[in-house]
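I have a structure I would like to understand better, so I am pasting it below and will then ask my questions one at a time.
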Amino acid sequence: MARNGRGMRVGKRFHKPGTAPGTLKAPEKRVEQVRMTVIDYGPERLEEKTVTRVQDLFPYRDSPTVTWINIDGLHDVAALEALGKHFGFHPLALEDVLNCGQRPKLEDYGEYHFMIMKSLIHGDTLQTEQISFFLGGNYVITLQEIPGDSFEAVRERIRRGKGLIRKSGPDYLAYALIDALVDEFFPVLEKFGERIETLEAQLLTDPAPETVQEVHRIKRELLLLRRTAWPERDVIAAMQREESDVIHPETQVFLRDCYDHTIQVIDMIETFRDLAAGMLDVYLSSVSNRMNEVMKVLTIISTIFIPLNFIAGVYGMNFHTDHPMNMPELDWAFGYPYVLTLMFTVAVLLVYYFRKKRWL
Amino acid sequence: MARNGRGMRVGKRFHKPGTAPGTLKAPEKRVEQVRMTVIDYGPERLEEKTVTRVQDLFPYRDSPTVTWINIDGLHDVAALEALGKHFGFHPLALEDVLNCGQRPKLEDYGEYHFMIMKSLIHGDTLQTEQISFFLGGNYVITLQEIPGDSFEAVRERIRRGKGLIRKSGPDYLAYALIDALVDEFFPVLEKFGERIETLEAQLLTDPAPETVQEVHRIKRELLLLRRTAWPERDVIAAMQREESDVIHPETQVFLRDCYDHTIQVIDMIETFRDLAAGMLDVYLSSVSNRMNEVMKVLTIISTIFIPLNFIAGVYGMNFHTDHPMNMPELDWAFGYPYVLTLMFTVAVLLVYYFRKKRWL
Amino acid sequence: MARNGRGMRVGKRFHKPGTAPGTLKAPEKRVEQVRMTVIDYGPERLEEKTVTRVQDLFPYRDSPTVTWINIDGLHDVAALEALGKHFGFHPLALEDVLNCGQRPKLEDYGEYHFMIMKSLIHGDTLQTEQISFFLGGNYVITLQEIPGDSFEAVRERIRRGKGLIRKSGPDYLAYALIDALVDEFFPVLEKFGERIETLEAQLLTDPAPETVQEVHRIKRELLLLRRTAWPERDVIAAMQREESDVIHPETQVFLRDCYDHTIQVIDMIETFRDLAAGMLDVYLSSVSNRMNEVMKVLTIISTIFIPLNFIAGVYGMNFHTDHPMNMPELDWAFGYPYVLTLMFTVAVLLVYYFRKKRWL
Amino acid sequence: MARNGRGMRVGKRFHKPGTAPGTLKAPEKRVEQVRMTVIDYGPERLEEKTVTRVQDLFPYRDSPTVTWINIDGLHDVAALEALGKHFGFHPLALEDVLNCGQRPKLEDYGEYHFMIMKSLIHGDTLQTEQISFFLGGNYVITLQEIPGDSFEAVRERIRRGKGLIRKSGPDYLAYALIDALVDEFFPVLEKFGERIETLEAQLLTDPAPETVQEVHRIKRELLLLRRTAWPERDVIAAMQREESDVIHPETQVFLRDCYDHTIQVIDMIETFRDLAAGMLDVYLSSVSNRMNEVMKVLTIISTIFIPLNFIAGVYGMNFHTDHPMNMPELDWAFGYPYVLTLMFTVAVLLVYYFRKKRWL
Amino acid sequence: MARNGRGMRVGKRFHKPGTAPGTLKAPEKRVEQVRMTVIDYGPERLEEKTVTRVQDLFPYRDSPTVTWINIDGLHDVAALEALGKHFGFHPLALEDVLNCGQRPKLEDYGEYHFMIMKSLIHGDTLQTEQISFFLGGNYVITLQEIPGDSFEAVRERIRRGKGLIRKSGPDYLAYALIDALVDEFFPVLEKFGERIETLEAQLLTDPAPETVQEVHRIKRELLLLRRTAWPERDVIAAMQREESDVIHPETQVFLRDCYDHTIQVIDMIETFRDLAAGMLDVYLSSVSNRMNEVMKVLTIISTIFIPLNFIAGVYGMNFHTDHPMNMPELDWAFGYPYVLTLMFTVAVLLVYYFRKKRWL
């Protein structure tokens, strides 16, 4: 998997060219054990359990209540294939679930929708993890490579039964989960705001090469965020526009709100990009100012001393002074004071000249 | 709240990811006391008062006259919730009222419109304050964190009863308020024009690093203005396009005028951005010209004196002149004048060479 | 009024924020006397006169012939208000007439069209003057702050009665006037072409800082032209698309021609902008080449003389040569020739080295 | 006529502003004699002749066969006016024929189409020549200022009667002529490809200021090509979309092919522009690398010799060594070897330091 | 054929301008022998053979089964002409087959579709090879200049009869082949990811001019990929949108998946371009940092030693000390220690000054 030096994954996992479409290939194993949890709920009812066999999930396809199945770990291809077969998922969709590194997208398969979204993981470096959604008439299935805590707050809201979530359908649940993913951007961007603020202060007071490296790292991470946020916006816009059996009109207004959040996120990302680009300009002009100051000092010191050295050099010549034309100054009673005065005068004139030229 | 070094707020206030939509959270308290004022008017009637309890506002929902309720200070969440409940506002709209830092937007909730606009605050640094509008069939409600004087002129026009305002509906009032906000851009941009003019003169006569910092500050503040003006243009365009019970055809022509103003504002912002970008170029070429001049002087002085120093150095060597081949010049009667002439000739030739090369 | 350093007006005249829309405020007085001229014509008829009272213009509203009223000087607000009242102009349109610095635009008020165009004034610096048009079923009213000669040729065509102008309606007259304004761009752009040509030659042969200032001035004036030409194109496109009582189909083909001219103008402006941007690149590379040449000479002269100076310095040391190890060279019969040879050899080797490195 | 330094015409010939539309003004005379040739053909018939009087062309307007009239030289305005009158051409179209320097365009005048295209002339510098087309139901008239050989191949195809040309109508002929003009781009672009290839090699091995001038020339010529190719694409797209009496469905597929060629041309132009822009980057980094290398040598040589010179200078001081504290080294038996060793050690340490810093 | 220095073909093969459309011209011979292979299959049937005469292919036009004809080598124009005649292909399509260097495109000729796609060849440098497709109701014909292994996996899938391919029509086959071509991008992009990663590491630790050359090579190859991927995306989008006899609804979902892949490819290309552009910035700031460090050392060493040298020079002057005012220091008992102390003090003060200025 192509990653650039700081953990930004740039590719998708791919098959050998020419592989039949819908061929399922297990991704790298990133959790020890596939973990399948079910939350089945209605206004009055709540069942939460962890199952070990994929077959235990099958009955929920036709249950009248809303079911949310979450699967952490994708390496058990056989189980996923069985699940896909039972729920009637298209092989291409399942292939996309396994080939992590997809762009966020929404695909309408009629009876169910298939969505890909991203979860932000902010460890040492910023990374994204793919989360796949199947949204049917009475279920939401979410799949991810490693367990994340993005959905914990939603789970809690279901448990407590506050708000609309227990009274609404799976489309509202899907909205709630997607909204949780979109909201993950805000603390990350907050942190970017602080990093940019710190960097700008540093650039003005003490521009170091490391600061530039940091600016570039920020630019790259913003690139990653941008690549994530734009297609997510499209996904949510497509969900909002559509009126189907799967997504109900009542959910539209919430999706519009969620769409506004993505717009907000993109707006912040673009602003940060502009600020980061401006910072490089600040850095370069700051460095060149500093360089100029250094150069000026060199110029001035050299330029003042060069003629003085020349004078000293002249009177250091060994012409024989017994010839009256040969450096009679050496024999003057006040030769030394004269030459010191000469040197001082030259220096003063040069300083005056530089002052006049405003170089000093 | 993420602010960058000079007071430009880059984020929005956000909930913890996963919080239920419509959850109201009090913003930071920025005024001591929530202040609620009501102006209820018609062609013949004018009532203006300040209320202390939110319940006193409720009767105005169904009054036949036009009512403008202005609320300064948003930290009393309970009151806002009560207000929202009574007027039937959507919880997501109320959430946006409290989460300041939203982008300007227009949301059509059927019976009422919800708008977010920005007021410009030009203290030491340029800032924006969010102003939320609820526009119903017979009322306008405006909400802001801190009291501002953006609306004072409109209030005065209502009091005096001149113009159309007393004869028109709440949509005209909303137009008048929004127009007042858009017009706030012009004095700000005027000031930008003057700052840019001053800076350009400085850049040509005396380019200092501080000037560049100032150019960057202007660029950032223009970025903020731009982020404000573009979505406000969209809000007004959306209002103008729409014909509904809430916005009447007679108000459209005024909204078109207001739309023209936003176009004008954006045009000026983009021009200033171009000018600011050009100024950096001017600065860089100005600095590099100055640097070149300094370098030229160094080059020329060094290059002229280096061979002279060399000559002086040669005749400063201590070879024993009793050997006839060893520096017989030292013993010449006119050795010193000869060497001075030689030095002068070399200097003249070098100056001539530099002149010919057009370096001097 | 915000003007930047070289006469480019960047703002519009604006009211205090919150002023009632349609409030008329006299602009700065720029002519001594408001001058109102009327040309009333038909295929067979021509009347041309100058009136002093605005009331003398009123009868032309309902005359069956085509009337062109031109007003130079806008400070007599009362007269304009009376005129607007009689002809039924919207207060917002009149406000735009007075608030010079508007963008070119077309507004359809049903019975009449209101247009804003720009006239180019090329004195020492390039400026634009706003010209407002009211185009009704049988009249054209043009208003401008100061008298210009943009329309003299059209006036002459009416007087001579050649071409279509006397046989056509006010829409053709409006076309002819707008076309005259668009054609003003061509000589201005011609002059830009020559300035750019001259500058390019200068940049290659003798790049001076002043040349860059001139390039920047050109860039700014092109910015102004661009800001004028683009919305004028939109105005003419809108006129051409529309088929109404005010603009007749026969005039469309002429408007298409005029539209082509604006496209041509924009095309030239964009080309000049590209050329001007390219010129800065040429300048910078030209300056850096020159700098490099200077640096090379410095490097080479220094680098050659530094070791020679060192040698001279060594033999200028005062070690007592009575110790046989102390600088026996000083006592050699051919010490001086030897050291000169040594110096010459070092110089030759260094020149050879620089040649090989292709630095010379 | 504004031309910039290297023969790129940037303007159009223009009338004095305010001139009546449709006024015909003779362009500069660029051929001695107007040359009018007629090719009249059908599947079975071919007549080719040169006429001297414009009246001889009139009968072809109503001939049942396809007629191609080519006119080289535009200064005989009277003849063109007569031609236009007889064939019923709009004065604005004729004006565009004479005002060379127009952008390529297609104008639908109902019974006939008027098109402007460009022919590429690749002498010392790249130039374009305007070619005007009138395409009617049974004729094509082409007009150009100077005779070119762009159409010779088409003429030959008509003469030989191979392919579809003799069997098709004037729209196919127009297609064939336009296709010939579009195909002229390919050898020109081929040459650009070679020039760019050569330049890139030069930039890497031997970056000279002249190379940059050449890059800029290429950029400018590409700008000219671009300004030509884009509107020609639009012309052909418009012809292809339209189904009228003038252009028949059978010709559409050929126009689609021709459209593909313009796309190809534009694609190549844009690629070359990207490459040329990249070349400037290569040049600048190449120059700055070279500069760095030069600076490094200067730094190192200076930095090594400066302390050595200082040591030599110290022992060149004339303190009287009869005082025991005054430079006793001068009296040491091994003073000279000692000082040489000291110098050598300093030099070695400095070289080692620079090596360690990776500056050498 | 124009190729730039590193094998990126920038042109298309072109005829002499004016050549009749549909003229077939043999391309350069790049394989010894034209190779024609046929795979004719159905759910139950599979026939695979190599034919030598083009006439052997004719019967397959009307066979009820799906036929895939692959032709490697395009120089046998007569055979292609015969094939085209028999299958009814338009001469313009055949011309495009031979004129390699076309952009990817889809042309709908009613009974059959003609497509141009590209195969990536990653030898020493990245190149593309044109592959032409004819897709009819019961056949797919693919043509390429040189045999490639892009299709081997598809051939294998047909042979094994796994998946849908044997059960589907020629549109599915065309999809499978196009998908194989699109999938070729992924390993190439993977390699780009690794090269970029390596380069970034190098730029930070050891920025060499060669690294920049490599960055530029990557930029150019990405330009080539981009020019290939964008029109291929358009081809696939056009296929997906269309519902015709040639492309069946069942294949649409697969084309959508393939379209997603091209989006993914383009996304990666654009990201790499951004990264490559960022790398140049990193390089330049890295180089200028290094330069600054070098300059600082030069400045400091020079600036410290220049005054010391001056002092040494002064006491190296030969004034006759018998005059009491002439350099009495030379006669001091502690003159030498005094001057060494003076030098040391000056050096310490300068170092202290530079430290304070933060230049050291």
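Every chain is named by a letter (A, B, C, D and E) in the order it is written, and numbering of its residues begins at 1.
Note that a contact is a pair of C-beta atoms (placed from the backbone, for glycine too) under 8 Å apart; a residue touches a chain by one contact, two chains touch by 3 or more.
Note that the coordinates shown come from a computational prediction; the quantities given were computed from them, not determined experimentally.
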Shortest chain-hopping distance from subunit A out to subunit C: 2
Set of chains adjacent to subunit D and to subunit E: none
Residue-number overlap at the subunit A/subunit B interface, same or different (half cut): different
Subunit A on subunit E, rotation in degrees - Cα superposition, rounded to nearest 5: 70
Centre-of-Cα separation between subunit D and subunit A, whole angstrom: 41
Subunit B and subunit C, separation of their C-alpha mean positions in angstrom: 25
For subunit A, residues that touch 2 or more chains besides their own: 295, 298, 302, 309, 313, 316-318, 327
Topology of the chain contact graph, where touching chains are joined (line, ring, star, complete, other): ring
Starting from subunit B, with subunit C taken as the next chain, the full ring order: B, C, D, E, A
For the subunit B and subunit C complex, residues of the former touching the latter: 150-154, 156-157, 162-165, 176, 179-181, 183-184, 186-187, 189-190, 192-194, 196-197, 200-201, 204, 253-254, 256-257, 260, 263-264, 267-268, 271-272, 274-275, 278, 281-282, 285-286, 288-289, 292, 295-296, 298-299, 302-303, 306-307, 309-310, 313-314, 316-320, 323, 325-327, 358-359
Touching residues (chain side subunit C, partner subunit B) in the complex: 2-5, 10-12, 14-22, 90, 92, 96, 102-103, 105, 107, 206, 209, 212-213, 216, 219-220, 223, 227, 280, 283-284, 287, 290-291, 294-295, 297-298, 301-302, 305, 308-309, 312-313, 315-318, 321, 327, 329-337, 339
